[in-house]
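Across the two complexes that follow, subunit A remains constant while its partner is subunit B and subsequently subunit C.
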Partner chain A sequence: MSAKGTGMRRPYRRPMDGWWRKNPYFVEYMIHEATALFVALYALILLAGVVCLAQGRAAWDGWVGWITSPLSILLHVVILIAFAYHAWSWFHIMPRTLPPMHAGGKRVAGATITRAGLVAAVASSALVLLIAWGVAR
Partner chain B sequence: MKRSNAPIFWVLFGAGGMLSALIGAALVFITGIAVPTGTLLPKRLFEYERALAFAQHWVGKGILLVIITLFLWHAAHRLYHALHDLGVHAGTLSRLACYGTALAGTIAAAVALFSVGF
Partner chain C sequence: MSGGMKTIEIEVLRYIPEDEEQPYHQTFVVPYTDDMSVLQGLQHIKDEIDGTLSYRWSCRMAICGSCGMMINGVPKLACSTFLRDYPGKVRVEALNHFPIERDLVIEMDDFVDKLERIKPYIIEKAPKPLSEGEHLQTPAQVEAYEQFSACINCLLCYAACPQYGLNPKFLGPAATALLHRYNMDSRDQGSAERMPHAHDEDGVFNCTAVGYCSEVCPKKVDPANAVNINKSESAKDYFLRFIAPRGAPKGAAE
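On to the complex of A and B.
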């Protein structure tokens, strides 16, 4: 592709380095895209637990030993923050990703959709915590 | 005309994104902070017998499979497009790295959850 001085055409390529850093809108975009790294990391941690469980008691105890370590707990605090930010941005983007919704002949406002999503997230999270608490008793 | 497979990946991305937005933080808190430290929830939830019983029950098995696979497919789709935004060519290699990891994780989860028994 790059043929310097060979007489071949050298099309201009706009540099991609750090384009998103120049605009706060795109900085936010990159941050919310980056939450996917933590979603993947958490899925892989759970997957490791399930694989260890399938291998037997010794492997499972090894996984429990890791997940109860201070390093893992610190890591999960970071993952928790990323998940909370993902939820926040997910429902703020939702009005733009959903097809237009109408209620009573009027278009549903974006802020209403965002608020409904955040309320649903808080309610379902509380339900999950309640179920876990109920199972533990 | 060849039908696009894009809607499948988009649906997996959306479902995983919605699930993680709704209950992801609560799950991270339970498995990564509350049970390991014994705050609000007891540490004994991670005892081998309890964990095994959970993974052997069809409800527990289903929960684990859905969470692991949807989270992986959500992340794969998002990271694939973010890599493109960062100037990484959206070709076979980056597609394989993202969706291939999600597929491998899905298979590994299914095999493990099958082999723990019922």
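On to the complex of A and C.
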């Protein structure tokens, strides 16, 4: 390696500009990462509700008024789609992030982990929806 | 070659440092048969059309890890990728994220340095004397590291890792997979010497779980898994210091 940087050697480093547009896998990764912003946005919407509740009746009614407006419902539909994609892609990568798990002496397959995660997400969402419905009735 | 032979355009990213400032594309028309690999296409170019074309290769059977390159933008071994799967035209470039030495040859010094750093060999605190016989391992103990030991250092995973491209100091997929391979081996006691490289600023936390490294691995190693398991290990190590101060027996952690 003593020739490094001398003589004819002139290693060329390619730029990384626009790297994520060059491969469909990276585009999907960026969409996954971007949908996390909608998760954060929804947390802020709920937080605003809590702050309005603490400020008294008028502020709370104002927040409820906004949350039930057509614009807010449209935004909620967009957020729901982003959430669904985020959950799907998050559980898709999950088997790669967990230490190996064993059941009945065999390693649990990645697809099983993904499926279990999705089922848990759907079941817990349904449970929250049921409770909210029960409270609202 | 017979008159009825099919041809394919092979577009190669050339870089000749003594003649050109920058890499450029050059297209060659190559006759091929369905059993020809991309590597054989390149060999045809070198033997019959342009002897100056440079690329690395050795075994021709996906075990030496020399012929990694970008094939239509995807990191692949040229020897196990077939021309028939790219009707009409195929684009071949040096592995992404590495400096190009010449044509399809990359400069891999960075990886070799990292490989050396993680001590990819079994470290025994007190070597077992021969008189005590061989090291026995249960199937479960072998399974803990076996898939990671299949790594052939072909560097496709580095070419698949945008975080490595953005920060070449990142330890990266294969070096972490091999760090994990030896840490998980029941014959090894070298974890404490390797883990500082996982904890490091340029260690496992540079990974953002893109996961493409594991997708492109030609040997079905799951480097993303090794990196992410070691994120947990690194976090555990950090927080456990508050409960079990340094210097306390570490055997309990196993």
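What we mean here is this: the second predicted complex is superposed on the first by the 121 of 137 C-alpha atoms of A that agree within 3 Å, B and C clash if a C-alpha of one lies under 4 Å from a C-alpha of the other, contacts with A are read in each partner's own complex, and residues count from 1 in each chain.
One rule holds for everything that comes next: contacts are C-beta pairs under 8 Å (C-beta built on N, C-alpha and C of every residue); 3 or more make two chains touch, one makes a residue touch a chain.
These figures come from a predicted structure and were not determined experimentally.
By the document's definition of touching, of the two partners only subunit C reaches A:Pro99; subunit B does not.
Of the two partner chains placed by superposition, only subunit C is touched by A:Arg9; subunit B is not. Using the contact criterion defined above for the overlaid structures, shared-chain residue A:Val51 touches subunit B, although it does not reach subunit C. Once the two structures are overlaid, the count of subunit A residues touched is higher for B than for its counterpart among subunit B and subunit C.
In the superposition on chain A, A:Arg107 makes contact with subunit C only, while subunit B stays out of contact range.
When the two complexes are overlaid on their common chain A, residue A:Ser72 makes contact with subunit B while staying clear of subunit C.
Residue contacts after overlaying the shared chain place A:Arg21 against neither subunit B nor subunit C.
After overlaying the two complexes on the shared chain, residue contacts for A:Arg115 are found with neither subunit B nor subunit C. Overlap of the subunit B and subunit C contact sets on subunit A: residues 16, 20, 33. Of all the residues in subunit A, the ones that touch subunit C in their complex are 1, 4, 8-14, 16, 19-20, 22-23, 25-26, 29, 33, 93, 95-100, 107.
By the touch criterion given at the top, residues 16-17, 20, 30, 33-34, 36-37, 39-40, 42-47, 49-51, 53-54, 57, 60-61, 64, 67-68, 72-73, 75-77, 79-80, 83-84, 86-87, 90-91, 117, 120-121, 124-126, 128-129, 132-133, 135-136 of subunit A touch subunit B in their complex.
Partner subunit A is touched in their complex by these residues of subunit C: 15, 17-18, 22-23, 73-74, 96, 99-101, 107, 109, 143-144, 162, 165-166, 208-212, 214-215, 222, 224-225, 228-229, 231-232. Of all residues in subunit B, only 16-18, 20-34, 36-37, 40-43, 45-46, 48, 51-52, 55, 64, 67-69, 71-72, 74-76, 78-79, 81-82, 85-87, 101, 105, 108-109, 111-113, 115-116 touch subunit A in the complex they form.
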